[in-house]
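Once you scroll down, you'll see the structures, which are given as structure tokens.
The same chain A turns up in both complexes below, where it pairs with chain B and then with chain C.
Our next item is the complex of A and B:
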């Protein structure tokens, strides 16, 4: 087993993640759970699990990120998920470019410069229609499991237009389409298109620097990747664990600051 | 229906404002001046508040107290913030600025309650929160200043936005009083002679209308004096703001937001000149002692747009916590930069010039140039653009302005979405997160240098 050199924890709105890295910055261990409303207890549980795996953590640098980062009292530092995602993705893919991070509560476009430095960012934290929650809500409404969402959408041979610019109203629009006998697949494809078009508008507001990269929980959805490629004309690059990039970046910052 | 001026009304005004009010407010000011600490003030990151704040507060309280007793003692005008008030001032009107009153409601966290009165009456939440606060205050009588005087006349100038046009029509309809409208053509590049002539003509037309309401003739000698006072106060205000060029800066833009009330509400009165002279003295003492308004000033920033009135201190403290001083603001500057255009020897023509040129009556390119100049002159490291949901004309163009700074000038710039007066369009957590990320970029960019 490789020795633990730093830990990063990402207390997000939907999920909580912890990542351990070794001396070389390689991701050697992680845990991921649905976010517990009692974030502090969850963090303690995670740390205990790390302790069981690697022994005492006293000398291990530990950095927190995510919306709940300030709740992590034991962390040596807390850094925004914007910097952490940039660091994590840069370290793994080894190139500057434009990173799209679609999380549960918000979505961000981050322009990454040399060394994983954040050059600029745009953020949608005002409207659920640009976030993972948008897909989650409608997937539930259509009784499609979240994991099958992307595949189902891509299997459609045509596409319905979802014109509502609000998650709640989009949901009623979908109910109405279902009531008119429209199949689930074209509705889902239209839904993904609507989310992607919001993200593309945000990418344009900061200016696309190639390559285009994707992180966050929604990156696992293949329809999002495919449509993002269609809309931007760019190939989308994915890290191995898109959802862990925030915690990974935090651990890397911890490693650097030792 | 307007109220006539009576001896009883004048007597009541004298007793309440100039005798009882003056004494009580002076007593309160002395008590405030003795206070060394303010609850919630982060002394670890900020220098103590400016001592002169107590004096400024006294001045503004007296102004609003005057408003409470104005009906029956003086003729009252409600005006927009960029209105040419010198003529009204010379005719002895009590002048109320609904925008300043709304900002006061915002700073005292009364907006939601008051604006809801307007929203319940059918005014959309998409309308400017100043307008909603004012209309709500009018409809409900709710105000933190006791009572607002009924207007005898309304003066709206379109040099700040088009909302005022409709807002003041609502007021005119409600109060059944005349509305004087000064239409200022938008300046894309520079003002033409016919633009100036057009505004001047409107000012000339305004005089007999205002005289009729005031019940007296305008004295040009007095008008010239008012213009001189306005000009001098505006120059002093500019000097106050320019002191922020020192490193560390003795003031923050948030100090500017607080201390700009007199140049807006009381310009044309000698008391403002006196106040800003004293403010300069206090600031100069800070400079001579090397006192920075933000302890450990590491980064210097520009603020664009109105402040978030209900989060003034919070914003000051959040930035100061990162060692960042927001030293300059386009908004506070707007009240000083037109000073050179004022000319008492040509009071009407120079007023036409002055009131044609506010920042918001000029193209977005002009604002970008002003910002570039401020970045240079104040040695700034970053720009914070408050995208103000309420103030559309001010927020228009910010995406391009931000793009210029980030991609062409290499200066980090942050778009902060909020509202100048409505806390329902703002989230602490989201704002803090964006500011934290922005500060990390600034920190990183200096490490990379």
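Our next item is the complex of A and C:
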């Protein structure tokens, strides 16, 4: 077993993640759970699990990120998810570029420079449209399991336009389409297109620097990747664990700062 | 550290001496004119403690919080101790507020308006001079008399002295040994303290040797830094405000006038302020002014912290950002809703920006 050199924890709005890295910065261990409203308890559980796996953590640098980062009292440092995602993705893909991170509660476009430095960023945190919650909400309404959402959308041979820019109104629009007998697949494809168009507007606001990269839970959705490629004309690069990039970046920062 | 009284206390003390209170909405107005007539102008920058549904029932949903909160504050009795309300035409929302008060709300206080020109041409200057005369006439009609002889010039000189004191505060900010929050509490006391008290306070502030300070230096732009906890948060994030382009800050650094005509002199002073979108200043002038502030202060980035739906500010942001970024200065635009606490999202944006430029 490789020795643990640093830990990073990402207390997100939908999920909580902890990542351990070795001396070389390689991701050697992780845990991922649905976010517990009692974040402090969840963090303690995670740390106990790390201790069971690697032994005492006293000398191990530990950095927190994510929406609930300030709740992690044991962390040596709190760093925003913007800096951590940039660091994590850069370290794994080894290139600067434009990172799209679609999380449960917000979405971000981050221009990454040399060394994983943030050059510019745009963030949508005001509206559920453009976030993972938008997809979750409508998937539930259409009784499609979240993990099958992308595949189902891509199986459509046509798509319905979802014109509402608000999650609540989009849901009404979907109900209306269902009532008119429209099949689920084209609705889902239109829904994904609608989400992607919002992300593309954010990419334009900071300016696209190739290559285009994707992280966050929504990166696992193949329709999002495909449509993002269609809309931007850029190949989308994915890290191995897109959901863990925030925690991974936090661990790398911990490793660097000792 | 100076022990600053609250707005309420200042109002009570001034009234005890027989003075009257003018509630004034942002941003520009002739303080000296009100003081000459025996009024203390006390500014209202969107107090967050009133039930906002009160103001909301009179205003469109896209009206900024400064106006919504002010109307709510008025309707909840927050301005009951004031004698008149001045609503300068700073933007369409404030102009709308003036109309709503006069046509629908009919508060017990006298409501006065002041129309500002949008530009700095000779015609704009003449218009403002005439507006100041009109305002003086309305004050005269309503109070039933003219200011006592000499009171006008006495007030003009006093306000000019207070503005020079404010300029000295900015010049010496690095020597004062104050946190950003303390510094801006003193700067913003100009919003309600009588000029003579502000002048005395400035004299009391000791200047020390310039110390090396830590923290990422930033320039703060926008209308008003509310809540003031913002400064504590910025400090906790490892940054410090080294210069500002705030409407309640350096955008009101008025110079002394020259004319021997009091109205022309007041207009000269109002016209002497740095560029500001609410005055229709050309974007190039604003950009040059900010570049100069950045150069002098050593700021590594500009944080534009704007109240939601602030139209004049929003018009300038894209071009201003482009011009500053072209010179290598990173800019972050953060929109906030005026409330008692700062949202986590707002803080994350600011913190990420500080990490980015740090």
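Keep this in mind: the second predicted complex is superposed on the first by the 258 of 258 C-alpha atoms of A that agree within 3 Å, B and C clash if a C-alpha of one lies under 4 Å from a C-alpha of the other, contacts with A are read in each partner's own complex, and residues count from 1 in each chain.
Rule of thumb we're sticking to: a contact is a pair of C-beta atoms (placed from the backbone, for glycine too) under 8 Å apart; a residue touches a chain by one contact, two chains touch by 3 or more.
Please read all numbers here as calculations on a predicted model, not as lab measurements.
Chemist: Evaluate whether chain B and chain C can sit on chain A together after superposition, giving fit or clash.
Modeler: Aligned on chain A, chain B and chain C clash with each other.
Chemist: For A:115, select first, second, both or neither according to whether it touches chain B, chain C, the two together, or no partner.
Modeler: Touch partner of A:115: chain B, not chain C.
Chemist: Check whether A:54 is in contact with chain B, with chain C, with both or with neither, and answer first, second, both or neither.
Modeler: After superposition on chain A, A:54 lies in contact with neither partner.
Chemist: Is A:241 in contact with chain B, with chain C, with both, or with neither (first, second, both, neither)?
Modeler: neither
Chemist: Output check: A:90 vs chain B and chain C. Expected answer is one of first, second, both, neither. What do you get?
Modeler: After superposing on A, A:90 lies clear of both chain B and chain C.
Chemist: One more residue to check, A:207. First (chain B), second (chain C), both or neither?
Modeler: It touches chain B, and chain C stays clear.
Chemist: Which chain makes contact with more of the residues of chain A, chain B or else chain C?
Modeler: The partner that reaches more residues of chain A in the superposed model: B.
Chemist: Does the superposition put A:79 against chain B (first), chain C (second), both, or neither?
Modeler: both
Chemist: Between chain B and chain C, whom does A:62 touch in the aligned arrangement: first, second, both, or neither?
Modeler: So A:62 meets neither chain B nor chain C here.
Chemist: Shared contact residues on chain A for chain B and chain C?
Modeler: 67, 79-80, 82-83, 106, 117-121, 123, 125-126
Chemist: Within their complex, state which residues of chain A touch chain C.
Modeler: By the definition above, chain A touches chain C via 67, 79-83, 106, 117-121, 123, 125-126.
Chemist: In the complex, go through chain C and note every residue touching chain A.
Modeler: Listed in rising order, the residues of chain C that touch chain A are 330, 344-345, 348-349, 351-352, 355-356.
Chemist: Show which residues of chain A lie in contact with chain B when the two form their complex.
Modeler: Within the complex, chain A contacts chain B at residues 67, 79-80, 82-83, 106, 114-115, 117-123, 125-126, 205-207.
Chemist: Please output the residues of chain B touching chain A within their complex, sorted ascending.
Modeler: 399, 403, 406-407, 412, 415, 417, 427, 429-430, 433-434, 436-437, 440-441, 444-445, 448
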